[in-house]
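The block underneath contains the structure these notes are about, expressed in structure tokens.
Just so it is clear, A, B, C, D and E label the chains in written order, and each chain counts residues from 1 on its own.
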Amino acid sequence: MSTLLSVQNLRVSFPTHRGRVEVVKGISFTLGRERLGIVGESGSGKSMTGRAILKLIRKPGLVTADRLDFDGVDILAQSERQMRAIRGARISMVMQDPKFSLNPVMTVGEQIAEALVTHEKLPRRAVNERILAMLEAVRIDDPQRVAGLYPQEVSGGMGQRVMIAMMLIPEPELLIADEPTSALDVSVQAQVLDIIDDLVTRKGMGLILISHDLNLVSRYCDRILVMNAGTVVEECAAGELDKAQHPYTRGLLAAMPVIDETRDELPVLDRTQWAGT
Amino acid sequence: MSAISLGNLDISYGDTKVVHGVSLDISEGESFALVGESGSGKSTILRAIAGLAPDWTGEIAVLGKARSHGVDRDVARQVQMVFQDPYGSLHPRKTIDAVLSEPLDINGIGSRGERVEAMLNAVGLDQRFRFRFPHQLSGGQRQRVAIARALMLEPKVLLLDEPTSALDVSVQAEILNLLKRLRREQGLTYLLVTHNLPVVSFLCDRLAVMRQGRIVEVADVALLKSGRLVEPYSRELLEATAGRDASLADTPS
Amino acid sequence: MTTRDWLLDDSPTSRWQASAGRAYRVFTALLRNPLSVVGGVIILVLVLTAIFAPFLAPYSATGQDLANRLAPPSDMHWMGTDELGRDIFSRVIWGSQITLTIVLLVALISAPLGLLIGAVAGYFGGWTDRVLMGITDIFLSMPKLILALAFVAALGPGINNAIIAIAITSWPAYARIARAETLTIRNAEFIAAVRLQGASPVRVIVRHILPLCTSSMIIRVTLDMAGVILTAAGLGFLGLGAQPPLPEWGAMISRGRTFILDQWWVATMPGFAIIVVSLGFCFLGDGLRDVLDPKSEGK
Amino acid sequence: ATPADALVIAQNIDDIVALDPAQAYEFTSGEINTNVYDRLVGYEAEDTTVLAAGLASEWVADDAAKTITFTLRDATFASGNPVRPEDVVFSFSRVIKLNLTPAFILAQLGWTPENIADMVTIADGKVVVKYEGDFSSAFVLNVLASRPASIVDEVLVMEHAEGEDLGNAWLNTHSAGSGPFVMSDYRPAEIVRLTANESYFRGAPAMKSVIIRHVAEAATQQLLLTSGDVDLAKNLTPDQIAGLPADTVKVETYPQAAVHFLSFNQKTESLTPPAVWEAARYLVDYDGMTQSFLKGQMEIHQAFWPKGFPGSYDETPFTHDVEKAKQILADAGIETPINVTLDVINSAPFTDMAQSLQATFAEAGINFEILPGTGAQVITKYRDRTHQAMLLYWGPDFMDPHSNAKAFAYNSDNSDGNYTATTTWRNAWAVPQELNDQVTAALAESDQAKRNEDYIAIQKEVQANSPIVIMFQAALTIAMANNVEGYVNGATSDFVYYRLVTKN
Amino acid sequence: MLGFVFTVFLTFLGLLAITFFIGRVIPIDPVLSVVGDRATPAVYEAAKVQMGLDQPLPIQFFNYVVGVFSGDLGKSVSTGRAVVDDLSRFFPATLEMATIGIIIGVALGVPLGVIAASRQGSVVDQIIRVVGLLGYSMPAFWLGLVGLAVFYARLRWVGGPGRLDIFYDGLVSPVTGLILVDSLLAGEVDIFWNAVSHLILPASVLGFFSLAYIARMTRSFMLDQLSQEFVTTARVKGVPERVVIWRHAFNPIRVPLITVIGLSYAGLLEGSVMIETVFSWPGIGNYLTTALLNADMNAVLGSTLVIGAVFIFINKVSDVLYRVLDPRAR
């Protein structure tokens, strides 16, 4: 399996009133044309890692890495202009919160179209067709109507699917999906993830799936990174998550209630142990 | 005596009616869950009980007393609510101490210092958080503060609107444990809204499944645990949850 | 433990330490913004000048010397002399007291007034809102200088009345901002929470809504200060601002405008003072906007 | 540059309220009336100090019968209509009937709406003017030379009459006179355009038009003048004038009839002692002001009738002398400080004068709090007698010393109800009976020389002992392009003449 | 719609009532502005009766309001003309200047604000901010006079004070009252250009003030937008920076910007006494001020009404545009 992305000692820091604070503290991983899950509690730096790969961290924030190569291209050395050719077309990212991540004054159709035509000159008709097809693919029933809606007119779950459609439509080589299905109810969630899964297997797309839902990640990924406080505490194959060794990972797993819950008290993480937040 | 009883309750926002003829009876000391699809009116019912959604017809009685349509001061000491969003439910410019003292101040209750201290202990927050501002707390900590605030007036009934859905699993577990412990210690009644069935299973005695503003099924949690809900929509929810959890089914519990 | 550590302590042990810490954070954030530092220094200089005017001014502000009128800037008179031979530099220095008074009083009258009216209108909504906003709109759609003029004419001349007039004309803008902000806040869950605890509307407005509107109000007020100083100058232009011989800057410029072509310094020197002070307020306001904005304060 | 046959003037004309001579009472409207209308007799452009024939070619006065008979000259109105005795009768009677502000000037002759038909009559194609009251025909002629006595074209005016207004509304925006110019356009606060009357009986003026542009800002006037876009700038300050380039602009100074004074309202207890009045006369820095910011704008004059006119008293016995003033106050046992307000019109030079007074009076313990206000505001207060000290000026209504004697030395009834527009009443100064009698006597005096003596005596009395401190007589300094000749500006705005102006 | 008409009506009534009240408490006697200070008591009383000032205040107000609804704004005592006629002359003069002013302000202010925001913190940003703030803090008459001295008297690039050169004055008969329009209607191109040369300086001074305000508001709105997540989304898609700025960040702020522009336009339409005085511009600001200082209440009320109407109209237009341009408001 060829290496698509290789990250070595990635650090992201922000200035605060007590000096720079690192929120990603030197993580390293490589990714082939496979599905990588990143899990970890809120604030552990998952989203920042995803953004850093796309060079989306803005000014006072600082990204450094010994190595950040995408398909042989040194991301950190790319100019803004060069990055534009990569973003969308080759790497794209499903943003975490669809409520804020969609432009409120453009219809969702226009926004999806924009993702497509930025990288590909297509006749209008073809663009339309592709959009409708894509919306249908993410299980939106009435794509024609939804394409004409504004983001505030669609529900949170629809918004997430629109977001996914928008990021999949240029058919990127690498998709970073940041909590792509948190607002969907459980049955729709499964269907949408199946589409992404399908693209990975058929087109050889790489996937980074960010979530704090361990069930979800273990089901849809090949490999899992467990992050805590900006560092990777454990890396394992998805199927072996239940055999995870790190106490933090185990803690996370144990903390989830189950449907036929019998425990009187859920075990909680002893945070002091990992010098967490 | 029933803690909360709803009779044929209709609730509207302006011209649109979002809750249709809901009737429920929750007895004192019970922990009751409302589950169901997004937008089905779960939060709305809670808001109506609290007096924040005044446009309703039907009956609402709390601890045997009929509720008025507005927020009302006497009820404050009997019913309190905890909101979903830990980020939006705390005043950004007030310290935790101020947030917790406020209800005492409003209701003219003395010895605030000790009470605040005791309550912080009760919800498992260290005293060093006392004079922090909300932005200096994590989501879980904020939710503890929100719960503490709701308990300051020692109410009998707590309305909990998705208290953990904005939190990740590890924090969720802490909050759930806390809620469970408090209920045990103080004999509280819970009306909990959630879409997470395992949470219901952990914390509740009974549940009602809602869809499109109506209650489709009321059942005992035992039925949920054993997967014996009857209505199709309830089953759908149950199956999707089960399917997803399947991959980790062998997780040690 | 140094003071700084005490201020930045993440776990303050008293209310006082908590608020001091917040103020200190705002302050250090301001210090990191070059323009707001410039602004702050200007305002500081203004305040110091106003306090120490008696020691700083080389001459009296009102001492006439008709023989030496309209003298150009020189060693003796750094900013020249005016039409009655008064030292402009000294007048500018003394005038800082008046400017500061204007600015403070307007800020203290109109901002709270607007804040209160806007918050009440926004919180209660319905008829209260309609009536209060109707009044606000009436005042807003009235020509501002005219309104001020009318009040000055009605109240009689004098700097205090001018200040009141300016204050009366500037509250509607604040009321609108406060209302808009209240509308977004009033449905917030933390407001619902205090209402559920039995807080009265007065308490909700005063203790919970107003504190949140103040930061945007402070920003707006500092930004408007330039306008306030200029409105005072406009009243001076029409002869209705400060009473002579008070060295009010606006009145000084407007009196000096007949000399502007031949004795430029008479109007330009106080004009320069106004520009510098206004810039100071604007810079500071801009800086505060970046720092106090609750959105940026989250983290 | 301006056209060769047009005179372009920059002037503040927003004082204009009315242009109908029966109503006009402002400076600018006076100027315009003078150039648009003729009177029976008047002070003419060639010599503004001598009463000359106007539309009347000659007249015969009968002091005993109290009549004056005027023979009209052969002249036509600008409209082409001939000037007839009927027009004179019409013009006078409409002033009386309309009874607007300036009507009191003519009403002094004993004319009322009821008797006017008998007082002004036509006999043998001549106009016979009767008057009632103890005064000489010289006084009557001065009255008939005043602005409301302008002769309007009855035919034209009545064509435009609306209801009972005798053409008043129309005349406020048009002209119907026989004067050297016709008002062809008037836009308030923008422009007044006068066009030459080619059929003017003294000969058509050289300028085909006179354009008066409203320019309120003195600095703007200065820019316009130095840029050559106006020929004449009327409201420049002395300091601006001092800085004008001599190669393109010249400056002319015209003494004016207005006197500037400081007066004390006698309703204010602390201002009633005569010692305060006297001390005040020594506390004005006359020289300081006239040699600095008032230079060229005012000269020292301490009596109410202006210098340069028969009957004036030109002595200036008072100078700035603080010690003396203090002495006077001390001798009289006056307690200082005296704190009073000083009302003043809020424009230059009045505010500067007020500040100078404030500074010099403070030296002797009289502290003024200056209250600047707009003209209308100050006058309103003055009329209500609610001021304390007042800094103001006074211009005669017509060029007879009685006009000012009445204002400064006569007050027969000081009661609140008896509103009178005189300086004496407005300052609540109950004038001693002898002085009142002196004023009445002087008015009746028919011997001109004796009459002038009387007025000088009255002025001395007022100067020595009144709560009115007359300080200055105004002068008008006007800057104009070098090529403008023949501009005439007499002692009041009623004596501004454009008809002799030429440009070369 | 009916509700709107009703609120507008109430606003106007309130506006009139307040103005009326102010007019009555000003210690200036309106009769004196008509009759001058030397009128006899009889003349004074007659004028007072004629002006209706002898009647009780509520009656006076009632009469005035009745007059307004029959299109009669009364007569101005300081110009002696019908207020309607005066307004039809003074308001277009202000309208012309304000319109050109706001065009300048918008044409420069918006791009400058956008540029400043898109390069936040850069030298360009600081320069734009300082220049903008200068516009905030410079006394208008000072700038106007200096502008005249330099561009008119010294350089002769522009026409001087007033709306036209004196030879052109009165050549085209007013149709709209806007000389730029009237001269074109009459086919007088020379006059058009002359009017432009007179207009450009005062309009630029006004424009500078609105530019300052518009640029700063644009910048601040843009900064808010640029920190939004959806802008990042656009960047993720790889769209060019130009598109990010103009389509994604700028489009959403069009609505608040229109409100800002509308309000500053309304502000300009109030007329600026100072600019009008310095440029001898026969505008409504001057008219209103003069009227107020003479207690010429008909003129004051009439002008207030016009300005209030403009304000309400502009508010309404921005409301409509709001609904057209912002899907969130639909």
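What we mean here is this: contacts are C-beta pairs under 8 Å (C-beta built on N, C-alpha and C of every residue); 3 or more make two chains touch, one makes a residue touch a chain.
Chain-to-protein mapping (UniProt): A, B = ABC transporter ATP-binding protein; C, E = ABC transporter permease.
Please read these numbers as outputs of a predicted model, since none were measured by experiment.
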With centres defined as the mean of Cα atoms, the chain at greatest distance from chain A is chain D
Chain pair, C-E or A-E, that carries the greater number of C-beta contacts:
C-E
Per the C-alpha means, the centres of chain B and chain E lie apart by a whole-Å value of 55
Taking the mean of the CA coordinates per chain, how far is chain B from chain C in Å?
46
Measuring from the mean C-alpha position of chain A to the mean C-alpha position of chain B, what distance in angstrom results?
31
So chain C residues touching two or more other chains come to 153, 156, 238, 257, 260-261, 299
So chain D residues touching two or more other chains come to 217, 219, 223, 374, 377
Junction residues of chain A - those touching two or more other chains:
none
In the complex, the residues of chain E that touch chain C are 7, 10-11, 14-15, 18-19, 22-23, 25-28, 126, 129-130, 133-134, 136-142, 145-146, 149, 220, 224, 227, 266-267, 270-271, 273-274, 277, 285, 288-289, 292-293, 300, 303-304, 307-308, 311-312
Can you list the chain D residues touching chain E in their complex?
2-3, 6, 8, 14, 16-19, 25-26, 99-101, 103-104, 107, 169, 172-173, 185, 187-191, 193, 211, 213-217, 219-220, 223-224, 226-227, 229, 374-377, 379-383, 397, 419, 421
Sites on chain B touched by chain C in the complex:
50-52, 71-73, 76-77, 79-81, 83, 85, 88-95, 97-98, 102-103, 106-107, 126, 128-133, 135-136, 146, 149-150, 152-153
Can you tell me which positions in chain B touch chain A when the two form their complex?
37-39, 138-139, 167-174, 176-177, 180-181, 195, 197-199, 201-202, 224-227, 236-245, 247-248, 250-253
If you look only at chain C, which of its residues touch chain E in the complex?
35, 130, 134-135, 137-147, 149-151, 153-154, 156, 226-227, 229-230, 233-234, 237-238, 250, 253-254, 257, 260-261, 267-268, 271, 274-275, 277-279, 282-283, 286, 289, 295
